[in-house]
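In order of appearance the chains are A, B and C, and numbering begins at 1 in each one.
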Amino acid sequence: MKIIVLVKQVPDSTEIRVDKVTGTLIRAGVPSIINPDDLAGVEEALKIKEATGAHVTVISMGPPQASGMLKELYGRGVDECILITDRAFAGADTCATSSTLAAAIEKVGYDLIIGGRQAIDGDTAQVGPQTAERLDIPQVTYVDKIMEVNDKSVTVRKSLEDTEEIIEAKLPCLLTTLSGMNTPRYMNCNDIVDSFSKEVKIMTFADLDIPAEKVGLAGSPTKVHHTFTKDVTAETETYDMPAADAAKLIAKTLKEKQIITK
Amino acid sequence: MDFMLTEQHKMMKKLFAEFAEKDVKPLAAEVDEDERFPRENVEKMRECKMLGIPFPREYGGAGADYLSYILAVEELSKKCGTTGVVLSAHTSLGTWPIFAFGTEEQKNRYLPDLCTGKKLAAFGLTEPNAGTDAAGQQTTAVKDGDDYILNGTKIFITNAGEADVYVIFAMTDKSKGTHGISAFIVEKGMPGFTVGQHEKKLGIRGSATSELIFNNVRLSKDQLLGQEGKGFKIAMMTLDGGRIGIAAQALGIAQGAIDEVVPYVKSRKQFGRPISKFQNTQFQLADMQVKTDAARLLVYQAAMAKENGQPYTYLAAEAKLFAAEVAMEVTTKAIQLMGGYGYTRDYPVERMFRDAKITEIYEGTSEVQRMVISGQMLK
Amino acid sequence: MAKFEGYKDIYVFVEQRNGEIANVGYELISEARKLVASIPQMGFQVVGVLLGHNVTDKANDVIAHGADKVIVADHELLEGYSTQFYADTLTQIIETYKPDSFLTGATVLGRDLAPRVAARLNAGLTADATKIEIDQEKVADGEALLLVTRPTFGGNLFGTIVCPDTRPQMATIRPNVFSMDPVDTTRTGEVVAFTPDFKDTDAKVVVKEVIAKVVEGIDITKCDILVGAGRGAEDCLDMVEAVAEELGGAMCASRAVVDDGFASKDIQVGQTGKTVRPSLYIACGISGACQHVAGMEKSDMIIAINRDPQAEIFSIANMGFIGDVKEILPLLKEEIIAAKKA
C-alpha cells in the first residue's frame, strides 16, 4: 500500500504575539514547526506502516527551507520525502495549492492520502477536501481515529460537533486528521543517522504537468485585500470604582473585544 | 577545530530536548520525591533508540558518535539528573566494556538486547573497602574447573536491580594486586546473586542505588570479560569514558538550573521592579552561564577525543572535575537568586542542587580527577 | 454592464440534520439580509439552499427567517450528509442559478462541503469569516464585491479577503458570529424544487454508525477564556464558575485554592500547575505571586479583581479593579447576560 501524507511547515502560532507598541506581528524568533494536524497524520501513516508494511511518502509544498522539516520526518521513520518548491507557486491560495499538490500526487501514485485537517497559520481546512476534489477521490474530514485499513477500504471515526460517526470509505481516498487523535512519536536515533544518507526529493513547476495559470497567485481566486493585527491593550490600568460600575465596564470591554458575542 | 555541532548533532539534540521537555520533566519531581526508578523514561528511550547511541548498527546500536550520546545525557539531565545517570551508567559503564573488550560471541549475545534497550546494564566495582582505592577489591572469583565461583559484595551500584546485565570486577589472583583483578559479565537471576537494600540518598533519588551480593555465584568461563588479570585496566578505561557521561550530567544540571532561574528573575519583583534589573542578578547570571559554557567545551572536547581515538583520560578528568564543580556552584547560586522560593520544592532548583553534589563524587571524586590531571602534567 | 453577467443574489446553505435546521443557516440569512439592504441598487435577493430528504416543508421556516427564495433539493440520496452527493447537488445548483455569492456555516459539515464545491467550480472560498461587508465603491460598477474578514495565525492577524475575478464568491462563517433576526411567519417567498442529476449513485463513503460524543473533563490549557480563582475568591467559587460559564469559558484556580481543597489539581494554574494562554484571563482574588503569574502571564488580556490595591496582579493586568470579587462577580454575570442580549 502506498500512503501519501501532506505536511506543511508553519510558524508556531502559539508563540506569535502582536507587538503592543507597533501593532505588528512579532515573527522574529518564532520557531517553525510541523503543523500539528499534519503530524498526527504522519503518526497514523507510520502506525499503518508498522502494521502492514505500507510505504509512506510525505509531500510538502513550501520554500526550500522546509527541507529541514522533511529531514526530521525521515528521522521519524517515513520512507520518502518530497518538497514541491518553486517561485511559480508563491502566493497560492488553497485552490492553487490543491491543484499543485494533486499534480504531484498523481506523479507519485497512492492508495491512501492523509492530510491534517487544517494548518495553524491559515486555519482554512480547505486544502484536504480540495485536493481530494482535484483527484476525484472520496474524502473523510475530521478523522480522530483510523480503525481499520485493508486493500479495498479504510474505516475511520469522524468527530463532529456532538456526535462521532464510524465511516467506511473505499480506497483510494483522502482523510484529514485531528491533532488530538494520537501522540506523535519522537524522532529516533537510528532514523536520524539514516536520514543523512537520504535525499529530500525536490519537485518544481517543470516537474509537474500543470498549466501556469493553475498555480501560484495566478491560480488563486482569493486575494488578500488588506491585513490588520488584533487590538491589544498595551497599558495597564487600575480602577477603583463601585462594584456595579466595575461590572458594567468589564462587560462593555468584553463586548467591544467581541469576547461576548451573543 | 570545529566548535559547532553538525546538522546531525543538532537533530539529535532536538530529539533529546523534546523528549526531556515532554516526558522527563513532568516526572522529575515525582521520581525524586518518591525515590522511584523512572522505568517509563527507559521505555521511551527505548522507543527513541537512545540506549545504544554510540554502538554500531550490527549490534543493535544507532551507529551514531559518542558526542551524540553525551548530548543525550546533557539534555536529559537538564530536566532530571536521575534519568541522565540511568542512561550514562547503562551506556558507558555497563554496555561499553562489553563492546570494547568482549569476544565476538559475547558481543553478539549481549549487545543487541542492551543497545535496543530490551535489557539494561550496570557496572560493579566499588566495595565497602574499595572506593577511590579501587585496587583493594575483596570480591573473589575462584577457579573451579572451567568455571569461576564469585563471592563478595559491591556497593553504591547504579541501576542495581533494574539492570539485567552487570559488569563485575573480582580478584582472581590476590597475589598479583591490580593485575589479579578480572572482569565478568553477570546476569540478573543467576543463582546466588541478590540485590541488597536501596540506598537513601541526598540527590539523584530516583536512581536505583543498591548493594550487589554474590554468594557462590557460579560463572562459566564464557562470562569472563577480556583476559584474566586485565580487569583493573578494563575498569579504568571504562571509567575514563564514563566520566565524560557524568561530566555531561553535571553540565546538564547546571544549564537546567540556569534555564529555570532566568524566567524567574524576569517575573519576580522586589522593590518595585523585576529582580533581573538588579546588577547583582545580572552579574551572577553572567558568571553562571560563562562557567557552564566553558564546561560544555571541555565536555564536548573529551567526547570528540574519545570518538576520534585520541587519548582522552586527561580530557575526561578535566571535563568531569570542572563540570561537576560548576554544577555545584551554579545550582547554589540559582537557589540564592530565587531565595525562599528556590529553597522550596515548588521549583526544581533545590533538586538540581541536591542532584549536582554526586557528580563531584561518583566515577572518581574531584580529588581523583585532580590526581589524574596533575599526574599527566608531572609525568 | 455588470462585470459578472448573470450572477446575482446572495445564497446561503441551510444546513439540516434529521430535518432539524442548524441556527447558523438562519444567522447567515439574517446577515445576508443586511448585506443586500446595503446595496439596494443591485436588487439582490437572499436565497436559501436546502438539501435533504423529505425536507420541502422546512422551506417555509427558511423564508420566515428572512429568505426571499428557497431552492430545495429533496432526494433520498441526500437523506444523510454525504460529501459526494451534496457536492454534486450544490455544484449543479450553483451552475444553474449563478449566485453572486454563496455563504455556508463553518461547521464540520460546511467545512467538508464548501471547499469541495469551490474546487470543482474553481471559485474563491474564504474560511471562517468573522465579518462580511460589501465594497461600496465597486457597487457603482455593478459589482457586489464581498470584503470577507477572517482571523489567521491563531487569531493574532486578521486578513480581509476578496475574490475580484471569480463568481460565486464563497465564504464559510462560524456559528454564533452573526445574530439571528426574529422569525416573521408572515413573510412569503418562492420555493423552487431542484432535481439533482448524480453522475454516480454508488456511495464511495458510508456512515456505519453514529455515536453520541462522550463529554470529557475540561482541559484548561485548551480554553480560550479562563476565570481564575485565588484565595480571595474561595468563598464564592460558585460565582467564579457561573461567570466562566456565561463567557463560554472555564474556571481555573491558584495553588492556594487547590491546596486548601477547594479545587482539583487538574485546574491549577502556575509553576506547579498548568501553563495557560487564553484570549481572556479574569483573575479573581488572586494576589499575583510569581508562582501563579508564571502560568498565565502570556494570556492575551488579563482582567484582575482584588481587594488589595497593592496586589502584584495589578502590575500585569490590562484592567485591574480594586474591589471585592464577592460583590463584583454576581453583577458581572448579570451584565454579561445583558450584553449578550443587546
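Worth pointing out:
Criterion: contacts are C-beta pairs under 8 Å (C-beta built on N, C-alpha and C of every residue); 3 or more make two chains touch, one makes a residue touch a chain.
In UniProt terms, the chains line up like this: A = Electron transfer flavoprotein small subunit; B = Butyryl-CoA dehydrogenase; C = Electron transfer flavoprotein alpha subunit apoprotein.
Please read these numbers as outputs of a predicted model, since none were measured by experiment.
In terms of C-beta pairs in contact, A-C outnumbers the other of A-B and A-C. Of all chains present, the one whose mean CA position sits nearest the global mean of protein CA atoms is A. Farthest from chain A in terms of Cα centroid separation is B. Taking each chain's centre as the average of its CA atoms, chain B and chain C sit 54 Å apart.
Here the spacing of chain A and chain B, counted between their Cα centres, is 41 Å.
Averaging Cα coordinates per chain places chain A and chain C 21 Å apart. The residues of chain B never reach two or more other chains; the list is empty. The set of chain C residues touching two or more other chains comprises 315.
Interface residues of chain A facing chain B in the complex, by the touch rule stated above, are 71-72, 75, 185-193, 195-196. Only residues 7-8, 11-12, 14-15, 18-19, 44, 47-50, 53, 57, 62-64, 68 of chain B touch chain A when the two sit together in their complex. Chain A makes touch with chain C in their complex at residues 11, 13-14, 16-18, 25, 93-95, 98, 120-130, 132-134, 137-142, 155, 158-170, 173, 220-230, 232-233, 235-241, 243-244, 246-255, 257-262.
Touching chain B in their complex are the following residues of chain C: 255, 271-272, 290-291, 293-294, 297, 312, 315. Chain B contributes residues 263-264, 267-269, 341, 346-347 to its touches with chain C in the complex.
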